[in-house]
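The two complexes that follow have chain A in common; it is paired with chain B in the first and with chain C in the second.
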Partner chain A sequence: MGFPHPIHPKENPVLSRHFGEADARTYAGWVQRGGYRALEKALGMTREQVIEEVKASGLRGRGGAGFPAGVKWGFMPKQKTRPHYLCCNADESEPGTFKDREIMRWTPHALIEGCAIAAYAIQAEQVYIYIRGEFTEPLRVMQAALDEAYAKGVVGANAMGKGVRIDLTIHRGAGAYICGEETALMNSIEGKRGNPRIRPPFPAAVGVFGCPTTINNVETLSSVPHVIEKGGAWYKGLSLSNPKSTGTKLFSICGTIARPGNYEVTMGFPLKDLLYDVAGGMRPGHKLKAVIPGGSSVPILTAAEADETLLDYEGCVAKGTMLGSGGMIVLDDATDMVYQVMRLAKFYAHESCAQCTQCREGTAWTVKILQRLLNGEGRKEDLDLLLDLAEQMTGRTICVLSDSCAAPVVSAIKKFPDEFAAYLRRGRTAAAT
Partner chain B sequence: MSDLVKLTIEGHEVEVPAGTSVLEAAKLVGVLVPHYCYHPGLPVAGSCRMCLVDIEKSPKPQPSCATPVAPGMVVKVHSDQAEAARRAVLEFLLINHPLDCPICDKAGECSLQDYTEQEGRASGRYADYAKRYNPVEDFGPDILYVPNRCVLCTRCVRFMEDVAGEPTLNVEERGDRAHIGVFEGRQLDHPWSGNVVDLCPVGSLLSKDFLHKARVWDFDRTSSICPGCTQGCNVVLETRENTVVRIKPRPNPAVNRWWMCDHGRLSYAWLNRSDRIEAPLVLREGRLAPAGWDQALARAAEVVRSAQGSWVALVAPGASCEALEAAARLLKAHGGSGAFRVAEGAEAPLPGVPDLALRKERAPNVNGALTAGFSRDWAGAVDAAKRAALVLALDEDLSGVPQPLTSGKLIYIGTVLPEAARTAAVVLPSANMAEEEGTFENLRGLRQRYAQAKTPPGMARPAAWILGAILEAAGSPAGATA
Partner chain C sequence: MSGARTDAQARGHADAYEPVFVGEGRTRLDAVLAKYPTKAAALLPALWIVQEKHGWISPTGMAEVAEALGLTAAYVKGVVTFYTMYHQHPVGRHFVQVCTTTPCNVCGAERVGEAFLKATGAKRYGETSPDGGWTVVEVECLGACGFATPVMIDDDFIESVTPESVPALVAKYR
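So, the complex of A and B:
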């Protein structure tokens, strides 16, 4: 990425090429960089051709689940009997993830272009860009860019002069993690409490305001213009390992690392190279202990596992974790794993929407057990209890927040048993720090 | 047959209409899947996760309330995995629960108690952490909220929003800090809001009227009809030591579904009045004196036989169809006429249910009185009573009528003795609706039976019996049987 560190030779900057260039935020600057050519091209294609192109590219959802974007668009009814909606999920709130923020800060028109192409493909009346409440700067930048896009006729009643109506609205969240969950996000747009909904029905049948809706992540939609402009086949060719994972991916690297930031690499890039080469490696005198590769909700990788991991959807699954959002939390040997896991669980306990019993009570209980452990008052049976609670919190609820709380706890207990045992033995002083 | 789906639940084959939930289908084969947030009268929330069951080919347990039946589905309610999932939900629900059943009004009819007894762990593992504590809140004129007992099933929230059509309650806060709240500046004072107390599966929403009044296992329960208005909601009269303590709705999809209004729910004190007429009274030397039933009925028959001239009846639309018809028969034999009047109040519909409202006319049997042939011309009947040879008053309080009511003879049948009836020739003590069996005809012409819930005081008898006895004693040609 171009900001704040210069582009590393091993990076493949497709989305992040213009990060750091203030000029790219303006309409003129964006057009000068080749912007809106893809939208013009898409509006000259049929809706089916656009969807087929995206299907051919193998582009998968960058929000965490990795569902093929073109297939998702294909779920929308072909015959439009009710309004269709597109939601852009810009509620980036997964701890450790900050890639969408940079896309919106530096290349707002890329997102607007992607949204416009998607809206055309799925016949959406209206695009809602749901931006996280805390994102004040991205909100400002996006709104300015959207106003300019309307003023230039790129979107609106007669988008690009092609007689197609494309409308976008920016909706600001109020600061709930759960509103990043797609059905909670829809409730929030409707003005309701941001509670996830039971599926089925799925959003393509019953989404925002009860109408067919597609919801995509910022990074997914921002990739669409590249797919359209350079072709699905070109995008599909961007793959270093498994052909099911294509394109480039932005990784937000944070934690105890020399150069935290966003880095864009081709799918299948080795995790080891990303950490030690692109992101500058560990702080002097420290060794890697663990990596949480896909935002805080995924199982933790040990240093040894991380060394062998290839960064794509399949590569992460092979190591027992998930690519998730690409928010990579790096933990070195000075890290107290028990404390880190408690801190993560505390986040989920705070953010549980309180609908499902397992999540509402289980997340808070998990925190209490971990805190007691940290205070040196842990009991032998506590670890089994944590694992048992985690089992009952996994796959039992409406959404996966509860699973997300359980995953790091389980993997930490299994992969770093010594640290938990040390707390059980000697209490507070046993911390690795 | 195409709209029927065949599936297997706990080894029982059952055929149900497509679209039925697994939970409802299970009820049909006698399997009750434990649940909190689900209620047949409310939109599905699917959030308590108590109704998780195992469905073959599905790796994870599924919420039976939100899972529609599918052909060939095999459902296991008591598999190890499903029971473990539900046991965990119960444990989670109890970690912050105060376990104050001994002082909780809901004890004995609490789903948390019942399911824990059925499927819960013998002891919890939430060893020695402090429990969440929130003070009791006043939600409205009759409702208290005890947040510590709440399982956040949101039945109350959904009732107010989707059935009462007046969103008043919400879930405040997130995580384990969440609790039910009232929107700012509002209170739970909708005319149908008392239903949230019935809906609450635990002791979280309580009626102030019933607070600490009785233990529910001491009750006798009697199927009855609400006497509050012409709607005819089906109810259960709950009595303890011959006193009506509480009225609860009794589900009837054709009349009131699962609901009843607060007016009906809270207007039961009159059923327990202590200033009742306990013995028949006969006028002797200008004073009403107690008498036996034989004496009093003989005197009444004598009055009836000797009354030469017009007859008028003043009846109450709260009397049973049987009493009203017996009165009508007595009148008819002698060419008399009768009328009734009915108290009125504001109509209060329940928007979520068609044709359900607290009706303007606040008596249960207006239609029964009309069917029996009584008119609404109260003023005309009162005027005619002045000159009548015989006036028969049936459970009418006679308030506001001119004194003296008549120059003829008055036979008064009622529960309490109004001033205007002190000049009656005979006073016959009748049972109130909780003390007799009978039927009411509601505003849609539906005749519904109510059963006797308590014994009448002293020598009081059902009005239908009294009128039948008079007919018999007076030798009516169309004599009714007692």
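So, the complex of A and C:
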């Protein structure tokens, strides 16, 4: 449900059904709602059976990359010679995205249960839940739920009385977007600066503390109990368009929209219906200009493109963008695209870890050039310079932060050329009037 | 309301540094250490404990953490400077973070930030108000974009702040 809004008839609330119910945060309240049945079932299955069930469900990573979760788990060594680790990525920081926050605030036990099932499947005895430092309420709620889960013996040295050790530790971040990148996240847990690592080696071989590690997003892990309880085939059946995109997805709708919030729909749901029907459409007197559908790192869609987009991994790619995290930024006709793209670039410049030259310099130069345009001091070669810079920033760095800065800039210049041209001619004040 | 600094914390501790990892502080650190296979992994949690006690993390604080975890002070400083939430200088009794990234920006977040400067008497972002009460900063995405504009005052996360609601909010914390 789109907390704080009631469930819309077109939603399919699997993860969000109990958002807003304070009682669901407690162990008793969660068990009453069917909680921990899936964990009990999973611990009665073999590890391989759990992985096969998740593979069969088609569940893909909800953090942005969309990699099949069961396949990722299958990369972990079958023969355990060193400790295995599970890291839950709860560093939600992608502009436009606020779904994991809601999962942790309202259904902390769903995440704990998902973590425990995943840990069992990959033979991890230790789970680190990496929560961004600013999420003070989710941190409190998660810790309280975890304390209760330990007290009830759901997790710990003898999880559910089945003789399996599953320890969970909440690790608080301290303000760094890049720590949502999985290898930076592992460095941060190790007490280092959050610099992404070069791959290979991949985390399943050499992860946190040099040991085999799986990193999954909060929403992915919270979906796992439903897959185990109702079966992979049931989950796979939740698909309105492309069969490679299955299940439900939480979309965080924000920006200039009538009813911002998280809405959960079946994969393949039309973007148009989500905006105009479920989320209430534009504010009175305004028309849609653009949508950034998957968090700020993905290419921008024009209103016309958005009208035809189906919300699943393939549907977004077909329109030249990505489903990403499902953080949907709505921009109406009052939006100054050049200014807002500068703000996005500023975000990436601020968050660059500064390891790679293309990113460290490129993000800062992008901001500088865009500010020059906004100040009415743009040069006629500046748009070509921005595009050239974006090309140098794409596919050449350790992680994709640099690419993420380039994507919205390139798509804005290509799709809203008139707004850039207006600044080139007259400067910001004149362009705005 | 939680996480506000005392007057002494807001002034810093230039004269007398009170160690953090003794007594209860040491017990807390030991509990953290038990959860990780290396001592260095306790660095972020240890820095949080220092900031909670002193309101910021001074060079002396970094040295104490380094000593406790078997790291060099330079290494600890390298980590402190990477993360924006660790204060490397004393800040006002109340620390206000206003998100002004795109989704909030299009909903008027910059006006919320300006309203905080006006209501608190802080002259500009990052500069503490003359009475030592308030430090206001603009921050990048707080991860609550559907509740524009989210603001953090100390450890409190406040949703849907508008320029109009700022004066009453400031009065509540003052």
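We adopt the following convention: the second predicted complex is superposed on the first by the 428 of 433 C-alpha atoms of A that agree within 3 Å, B and C clash if a C-alpha of one lies under 4 Å from a C-alpha of the other, contacts with A are read in each partner's own complex, and residues count from 1 in each chain.
What we mean here is this: a contact is a pair of C-beta atoms (placed from the backbone, for glycine too) under 8 Å apart; a residue touches a chain by one contact, two chains touch by 3 or more.
What you see is a predicted model, and the numbers here were worked out from it, not measured in a lab.
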| item | value |
| --- | --- |
| Partner chain(s) touched by A:82 [first = chain B, second = chain C, both, neither] | neither |
| Which superposed partner A:98 touches (first chain B, second chain C, both, neither) | second |
| Which of chain B and chain C A:162 touches, first, second, both or neither | neither |
| Partner touching more residues of chain A, whether chain B or chain C | C |
| Contacts of A:350 with chain B and chain C, given as first, second, both or neither | both |
| Partner chain(s) touched by A:193 [first = chain B, second = chain C, both, neither] | both |
| First, second, both or neither for A:327, with chain B first and chain C second | second |
| Which superposed partner A:37 touches (first chain B, second chain C, both, neither) | neither |
| A:287 touches, of chain B and chain C: first, second, both or neither? | neither |
| Which of chain B and chain C A:425 touches, first, second, both or neither | neither |
| Overlap of the chain B and chain C footprints on chain A, listed as residue numbers | 176, 193, 350-351, 353 |
| In the complex with chain B, residue positions of chain A that touch it | 176, 178, 193, 195, 198, 349-358, 360-365, 368, 372, 385, 389, 392, 395-398 |
| Chain B residues touching chain A - in the complex, by the definition given at the top | 44-50, 52, 59-61, 63, 66, 84-85, 88-89, 92-93, 95-96, 125-126, 129, 151-152, 170-171, 173-178 |
| For the chain A and chain C complex, residues of the former touching the latter | 83, 92-98, 101, 126, 132-137, 167, 169, 171-177, 188-194, 209, 252-256, 260-262, 296, 327, 329, 331-332, 334-335, 340, 343-344, 346-347, 350-351, 353 |
| Footprint of chain A on chain C - complex, ascending | 3, 35-38, 40-45, 47-48, 69, 71, 78-79, 82-86, 97, 100-103, 105-107, 140-148, 152, 155-157 |
